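Chain lettering (A, B, C and D) follows the sequence in which the chains are written, and residue indices restart at 1 in each chain.
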Amino acid sequence: MDRSRLEAFSDGVFAVAITLLALNLTVEGPGHGHLQHQLWGHRWSFAAYLISFFVIGIIWVNHHVLIRSVARVDRTLLFVNLVLLLFVVLIPFSTATAAQYLPVRNEDANVAMVLYSAVFLGMSVGFGSIFEWTLHDDHRIVPLPPQAHWPARLRFAGGSSVYVVSMIVALFSAYAAFALIALVAVYYIFERTPSAPDSGDDEEPVV
Amino acid sequence: MDRSRLEAFSDGVFAVAITLLALNLTVEGPGHGHLQHQLWGHRWSFAAYLISFFVIGIIWVNHHVLIRSVARVDRTLLFVNLVLLLFVVLIPFSTATAAQYLPVRNEDANVAMVLYSAVFLGMSVGFGSIFEWTLHDDHRIVPLPPQAHWPARLRFAGGSSVYVVSMIVALFSAYAAFALIALVAVYYIFERTPSAPDSGDDEEPVV
Amino acid sequence: MDRSRLEAFSDGVFAVAITLLALNLTVEGPGHGHLQHQLWGHRWSFAAYLISFFVIGIIWVNHHVLIRSVARVDRTLLFVNLVLLLFVVLIPFSTATAAQYLPVRNEDANVAMVLYSAVFLGMSVGFGSIFEWTLHDDHRIVPLPPQAHWPARLRFAGGSSVYVVSMIVALFSAYAAFALIALVAVYYIFERTPSAPDSGDDEEPVV
Amino acid sequence: MDRSRLEAFSDGVFAVAITLLALNLTVEGPGHGHLQHQLWGHRWSFAAYLISFFVIGIIWVNHHVLIRSVARVDRTLLFVNLVLLLFVVLIPFSTATAAQYLPVRNEDANVAMVLYSAVFLGMSVGFGSIFEWTLHDDHRIVPLPPQAHWPARLRFAGGSSVYVVSMIVALFSAYAAFALIALVAVYYIFERTPSAPDSGDDEEPVV
């Protein structure tokens, strides 16, 4: 029944991962061209930073809501949560790789975006696994009625399937895949459930 | 009503960002000149570290006080808080850039200080947005009387406007902009509200 | 009786260490060969990341369970806990070294795996020392009966002895040592105590 | 009266700083000499890591005990605490510098150890300032009797004065200064107050 350390550890990992994203942002020292040109040359790094920051932010918000619905913590949950964090921790790496290779406009850009999408997919599947765990036994404080399980899973599959689609799209166009992930992040930031605007306990899986 | 994870995650990001500031402080190994000359050559890095450390510290103190006044946490607050953190996380990058380019005394120094000011402005606007959110509906534990809204907003605009001014000043003198930001940080550290010296619940927007 | 800061600090160190693991994952920028070849060339880095991530995760889960059984925190516990953390913090370093030297297939690979095993051994001994501390005086909320002390210690010795064995194996085959550590990690992830599946208070020393 | 976020933020900074220490530990990739020679060549890095790790650990333990005695948190405490953290965050930098320059055995080694001592002195003075703050007004839950103030301050001055001495010693012998700091760290780790062995509320300033 002790959720506090699960939350503390997860929050720590989310916080470090989201802050390490910005370590990829660097400029060369004086003598490597005008600073504004350098900054403009890093525009893909800034864009990738922005998208990854909000994707981690969204998954953190959803993790927050989902774990609050959990009645008690067991070893299975701790390890499924570790799988989620395994992919969260990879995001600074996949973001840096995407930022480096997006501008080259060759097949390496496609590979970089497949990797970028794949890490988000892993994160999404990890989050979906936590949600699946909550549906079983008496893991939730307030059990979800059985007829709500499949609609909820489909919404999750919808979240994960965006990243499957972006992996496939990335094979053909790295930029289209990047735009798709960016659009989905923007959608989830502004998506509000009108029926429960400020209740704070809307537990919808949004990634 | 659960502020604890919002606070835990924000504290984590503040703590990592403030510690990463010091990653910019490095010296070359033996064979790159006397150590004391190297340290002196990094004096702008130390100055920028000092200023950025206290700016993050001040915003953390204010965040602490502001969130404590919040009656309940909703999705909007979580995402507005993410916008604040987005800029906090950029501070090590803008600080490193300022430290690298301030000594060159050409237009790149101006660009670096515009960037440095702009990141602080973004942080200040993010903080102001959280404050604005607290004024609406029943978001505060103790509502602020309506006639106090505009004075409070003006104090906030005062905080943000310092960074707007320093962005403009930076176009003409990088050093003057740096001095302005430093003075404001020093002012806020020593500024005390005499009427409520130790109450700890003075919620004035100081950045 | 105040375990909260011990847990908060430890969770912070675990979270930062587990996230820094991924800092070792980098690719060269464009112009250094096809990205998929680079990624394939880093396969040992990914494998080492995966193993170290789960070893830290397992020790965190066990730390979680063990500290929860502690009745009160004293200075001795704080410093023994620091010894554990001393080795946890070294894991990103030993992991990076192993990832760099495993592919060279010469005696340096053996040295790297001795180091990798030794850091895990230090962590395991640190954890065992905390467990030993809990057996004495009235350090546990629910004291373990004296006849259960030696079986428990033997299980711990079993955990630590795996790393002693892998240190010796590493002298002859770096890959065999790596495989041994990986197998043990997988075993502990899937190992469940059937008698108390979801109780969450099974305090067995699993590393 | 809300100490939790002060503790959470401080613990976060301590945890990140103590973990970043190990970032200084790196070896060159294959082709830069035998790994065991490289590791031996980094022996000063390991020694400096070890000392700095325990100095941060000791100050964290003392911070833990001191803050627990505080009746309520005000702005002054928050900013004095920031001064402490300002120096804690510098420790990975001063440790890396000491590790790089200790082996060169020239005047740069002396400068490096002056810097190393100075950062610890700043940390110690910051901690002493928090202690001084607790002596005034009704800042402590259980006030210290006035006749105990000066003995307590002297013990603090004793802590800080070690670092003043090591700064002076460093001018003549970097190694002697390093040994002095190491001895003091070892002393404080094993120093126990016999009269209150496990009480956990011995609030002696040990650094």
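One rule holds for everything that comes next: a contact is a pair of C-beta atoms (placed from the backbone, for glycine too) under 8 Å apart; a residue touches a chain by one contact, two chains touch by 3 or more.
Source: prediction; values computed, not measured.
A rotation of 90 degrees, rounded to the nearest 5, superposes the Cα atoms of subunit A on subunit B. Under half of the residue numbers found at the subunit A and subunit C interface occur in both copies, marking it as a different-residue contact. Subunit B and subunit D have Cα centroids lying 26 Å from one another.
Remark: subunit A and subunit D have CA centroids separated by 37 Å (rounded to whole angstrom). Along subunit D, residues 8, 11-12, 15-16, 20, 23 each make contact with two or more other chains.
Taken in their complex, subunit A has these residues touching subunit C: 1-2, 4-5, 8-9, 11-13, 15-17, 20, 23, 72-76, 78-79, 82, 85-86, 89-90, 92-93, 96-97, 100-101, 103-104, 107-108, 111-112, 115, 137.
Interface residues of subunit A facing subunit B in the complex, by the touch rule stated above, are 7-8, 11-12, 14-16, 18-23, 25-27, 29-30, 34-36, 39, 50, 53-54, 57, 60-61, 64, 68, 189, 192, 197-200, 202.
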